[in-house]
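Next come two complexes built around subunit A: one with subunit B, the other with subunit C.
After this line comes the complex of A and B, so read on.
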C-alpha cells in the first residue's frame, strides 16, 4: 500500500527515512528500521508490517 | 492459591491415564491392545504380527491354545459380543509377510543360567534369555522337549513353532537329565519349571517378588505353580525380568505385574456393531479381520481428552498439562524461558466439564484458573489476552452504561433484575421487555446494569474481581437485599460462587412462574435446546426452558452434549484472543451437532452461533415473540452504544421524571464503509478508539501523509494497544480508509 511511496511528516514537512526504532513488548525490548521523520521522529508502520512480522514476533514473545 | 495448586498435584496422581485396557490387564502376556489393535485396524497385519510375536513368544502355539480371558472382560460383551481376539491373532499370523523372528546381534553375556524343565514355560524363558545372549542350559528329565504340549497339540504344530522361534538362538539342551538337587548346579541363576506335579526341590514361593523362591537366585513358575499352559508360557517369558534384576542387583524383589485395571467405561455410550465370525475352523478373511478389529474400543481412561475441548485440541492429558503448567508458572530460568503453557492456560473455557466427566473428578479447569491467577499475579500473563474484555468490563460498570436503581417510590425491593453485560449489548430490547414484564408483575423490582465480575475472574485478576464483587454486594445491600433475577447463567454461576448470600432465581423460571404464555407461532418446527455450559448444574432451569419451547409449539430433539454434559459455545474464559484457532474449532463442533436450529438461553451462545450462521433463537425471542426478526449482529462498537442506549431508554421509560443523561457527543465524525466496519469488528477495534486517535492526530499535528493519495496516517497508544488510522478529512468529517493495531509499543523519544 505504502511501499516505495514518499511519505511526509506533516509537522516537519520532511520525507520519512528508514531509521532505527525501538519496540517493547512483555518486558522484551528490540529494534528494527522503520520509516521515521529525521527531525521529530514521527514514525510510520504500514499494515503489512503490523500483520506480518510484528504479529509473528508478538506471538513468539507470548509463547516464549 | 499455592495450596490449591499443590492439592491438584496430589489429585493428579490418581489419574487413570496409564491404566491398561481391560483385556491387557486380563491377558497373561499383557498384550498391549493400544499397540496391536491400531495396526490391525489399518490392515498392518505384519506390524500387528510383530507386536504379537514379541509379546507371546510362540505365536503358533498361543493362537491355538489361548483360553481368551480377555473375552470375559471386554466391555463389548455387554453390548454385542467380545472382540474375537484369537481369530484376530490368527489373521495376523496368516496375513503377515514374514513370520520369522528377528535376529539380534548382541555381544554374549558372561552369565550362566539353568532352566529345569523343557516344557513351554522353560522354553519361553530359554528363548528370551537366549535372545539376550545369556549362556542358557536347559535340563529335561525326559527325552523330548514340549512337556505338557504333547497332550494338547499335534506335535507338528508346536515343534515347528518352537523350531522357528529358536532359529537364531543357541542354548544347551540336556535331555534325559534329571536334576535331583539344586546344589549340583553351578549357575548364576536358575528357573525351575518342572511342570504340574514336577519336583519343587523343597522350594517355597517368596511373596516379596515375582517368580521368586525362598532360595536366592532360584526362580520358579509355570504349571509347577498351578498355572495353566498359557499362563505357564507367560511366566517363562516374564520371569527373565526377575532373573535379570537378580543378576544385576542381587535382589529377588521384582514387582509382580498388575493384573487389574481401574478404568471405567460407560457402556451406554458404546454403539452396537455386529460381531463377525469366520466359518467354523477357518481364519478371518482380511476384510473380516479389519471389520472385527474396528469393533475394538481400545479401552482406556480418556474421557478428558475425548470430551474436554482444550485437552482434545492439545491432545494432552491432565498429567502432562500439570507438568507443563508447573514449569510455566515456576520456570527454571530467571528470564522465564520455557514458559510453554502460557497460551494453554489462557485457552481454558472454564466450563468445568473436565471434572464432571473424570472418574477421579480431577478438576483441571480449576487448576488452570489458579495458574492463570498465579501468572497474572506476577505479571507473566500477556496482557493482550484479556485486555479488551477488561476494558469492556470497565465500560459496563462506567457511568455511561451502568446503574443501580430502585423504582420510584420504593425504598427497598423484593427482586432486582440483573441482566448482565451482554444481553443489552446484543439488543437492548431483550432487557427492556424483560424489565417491563417484571415491573408489571412486581412493581418494586429494582435494576442493576453492571458486570458480574466474570471477565476479571477469567483474566485471573483477583484484585479487580474482588472490587467488582464488593461493588455488587454494596449495591445489593442498598436495594434492601432483594432476590436477584438473572438472565445470564454465567452471572448466576459467579454469584453462586462469590456472593452466596444473595438469593437468586433465573428470569425464565420467574417468567414461567408468574405466568406468561408464549403464543404458539410455530407448527412443530424441530429444534434443539443448546444448554449453556454454565447451566450444567441447573437441571430445573434446563427443564423450564424445554417447557417454554414446547409450549411455543416447537418439537425438541436432544443434542449429544446437553444437560449435565453441556459444553461451552467458546465464550467461556474469553479465550478467543489468546487462541483464535481453538475458538473456531469449538464453535464449529458445537454448531454441527445437528442441523436443527438451536434454542439457547445465554446471549453469548446465541450471538456466537448466529455469527457462525447457525440458525439460533434466544429463549426471550420465543417468550416475547421476536424470533422471526432478521437483524445483523451488532459490532463490538455497537455493543457498547447499545448499552448506552439501554440505559437511556430504561431511564426514560421507568424513571420518567428523572433528568436524562447528557449524551457525550464526539467531536470526530467518522465515515466508515460497512466492509471496514466489519473488519474493525473482527479485529476488535472500537470505533471510539479510532475517533480518539484521529482527534489526537488532528490536535497535535502528529501525523504523516502520502502526497500521492493525500491519505493521512497517525497512531496512538491507548492503554496497552497501539492503534493506527488511515484517513481523509472530508467536509468536516473524517473518511476512515483503514485502521489496524499492534500489541508491541513503540519506544518514542
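After this line comes the complex of A and C, so read on.
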C-alpha cells in the first residue's frame, strides 16, 4: 500500500482492508493486495498502481 | 488429382533474369505454390505453404499488391516512398571474411579486404537514428575483426540504441577476453548460429563439429551478461527433426539464452543446387513441428503471424521461462487486435519489443523467496520474472529468386545498409539461379 491512510467504503461506510484481488488483461490474470470493502467488495485502486505496476504488466503483455 | 486454384495474385521475379513478373499463389491439394512465367525463361513453381494452418487465416486481411503499385520493386530497391514499413533493424556488413566455410550462406563470404575502421564509423554515423537504431553487425563473420569492440563503441557513440552481433560463436567460445571487450564496448546481444543439438547436424551444414564451442560461447556471453538468441537454419532432412531438442536445450539455458530464431533455409548466396520443393521448409510446417516435437509444451496458437513484416515472412511467440517449464504470453486471443490480419505494427514498436526480450537487463537474482512456490499470477513475481526470464520463439523466412513475393518484400523491416542506401534484406541478397 502506498501509505497508511484509512479509506472508507462510500456505500457501506466500512474501512477498506488489504485483500488479494485478481485482475485480468489480455487473457492473463494477476493478483496483488489492494484495499477492498469487507462487505460489498468494492476496491480502491490507487493511481500509483495503475500508472506503475499495472501499466508495466500491460506493456509486457501487449503483442508487439 | 486436385484442380489447381488461384487464391492470390502478386508479383515476383524470374529466377534466371530477375525481371519483375506477375505471379500467383496456387492451391493444389493441401499445398500452396508461388507460380510464375517469364516469357524468356519459362514457368517456375515453388511450394510456399503446406496448409498445416489455412494460409488465408494466417495472412488475414493483409493488403494485396495492386497492378500499379511498387512498379520499380525490386530492381530499384533502396527503400522508396512506396515501401510499406520503416526500418526495424539495420544490417551492416563489417567484413566479408569468415572462419567457416558453410554449405549454406546468404552472404557467401568472399575473403576480400575489410572496410577500414574509419569507413565503418562513417557508415555508422550515416545509418544511426540516435536513440532508436538497432544495428546488426554482420558479415562474413564479424568476430574475425580484432577491432570489433571499437566498432561497437562507435555504433553506441553514433547513437545506436542496440548493437546486435550476428556470429557463428567460434571466437566467442575461444577468446573470453574478447567477449569481455565486446561487453564493455556496449554490445547489446548476440544472434548466434546454432543449427542443432548434435554435431552430425553441424558437420552436414557447417562441415565441422561445433557443439562444444557453441556451448562455451553461451557460457562466455553469460559471464558478461550478454544475451544470446540461438539461430538455426532449418534444412529438411538435416535438422527439422531436432526442433524439440533444440528448444528444450535453449529453455534450459535461460536466462543466458533469450530465445530461438528459426530461419527456414532459403536459396540465395552460396547454396549447393537449385531448390526443389522437397528441400523447402514452410513456416506452417515449422509451427506444426514445434508443437509436435515439444509434445504440446509450445502450442501453435502461441506463435502468431508477424505484424511488423508480412505474415508470410515470420512469426513470433512470447514466453516466460518458469522453474517448472515455459508459460506462453502471446496468443491468438491475447492480441489487442483480432487474431490475424490486425493492424501492422510499426518498426519502432517492434524493435522496442524484441530488444526488451533479447537484452539481459540486469544480472538476474532469484525472483522468488525460498519458501513459497513461484506463482506467475503474482503481479510482482511476474514483473520480475518476465524481465529476467523472458523468452522468444521467432522465425524469419527469407525469400529467394524462386519464392520471392513482392507483396512481402514491400513490408520488409530488416534493411541492409549499403553506401547510404537501406535495402530490404531479401532484395539485397537476391541472386539468380544461374549462380552468377
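By our rule, the second predicted complex is superposed on the first by the 60 of 64 C-alpha atoms of A that agree within 3 Å, B and C clash if a C-alpha of one lies under 4 Å from a C-alpha of the other, contacts with A are read in each partner's own complex, and residues count from 1 in each chain.
Note that in this section contacts are C-beta pairs under 8 Å (C-beta built on N, C-alpha and C of every residue); 3 or more make two chains touch, one makes a residue touch a chain.
This one's a predicted model, so the numbers in the text were calculated from it and none came from an experiment.
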Touching partner for A:32 - first (subunit B), second (subunit C), both, neither: second
Subunit B versus subunit C as contact partner of A:53, first or second or both or neither: second
Touching partner for A:6 - first (subunit B), second (subunit C), both, neither: first
Which of subunit B and subunit C A:62 touches, first, second, both or neither: both
Subunit B versus subunit C as contact partner of A:24, first or second or both or neither: first
Subunit A: partner with more touched residues, subunit B or subunit C: B
Subunit B and subunit C footprints on subunit A, overlapping residues: 22-23, 26, 29, 54, 57, 61-64
Residues on subunit A engaged by subunit C in the complex (per definition of touch): 22-23, 26-32, 53-54, 56-57, 60-64
Contact footprint of subunit A on subunit B as seen in their complex: 336-337, 339-340, 342-343, 382-385, 701-708, 712-713, 715, 724, 738, 740-749
Touching residues on subunit C, where the partner in the complex is subunit A: 304, 307-308, 316, 318, 329-331, 333-337, 345, 349-350, 352-354, 377-380, 382-383, 386-387, 390
Residue numbers on subunit A that touch subunit B, as the complex places them: 2, 5-11, 16, 21-26, 29, 37, 41-45, 47, 50-51, 54-55, 57-58, 61-64
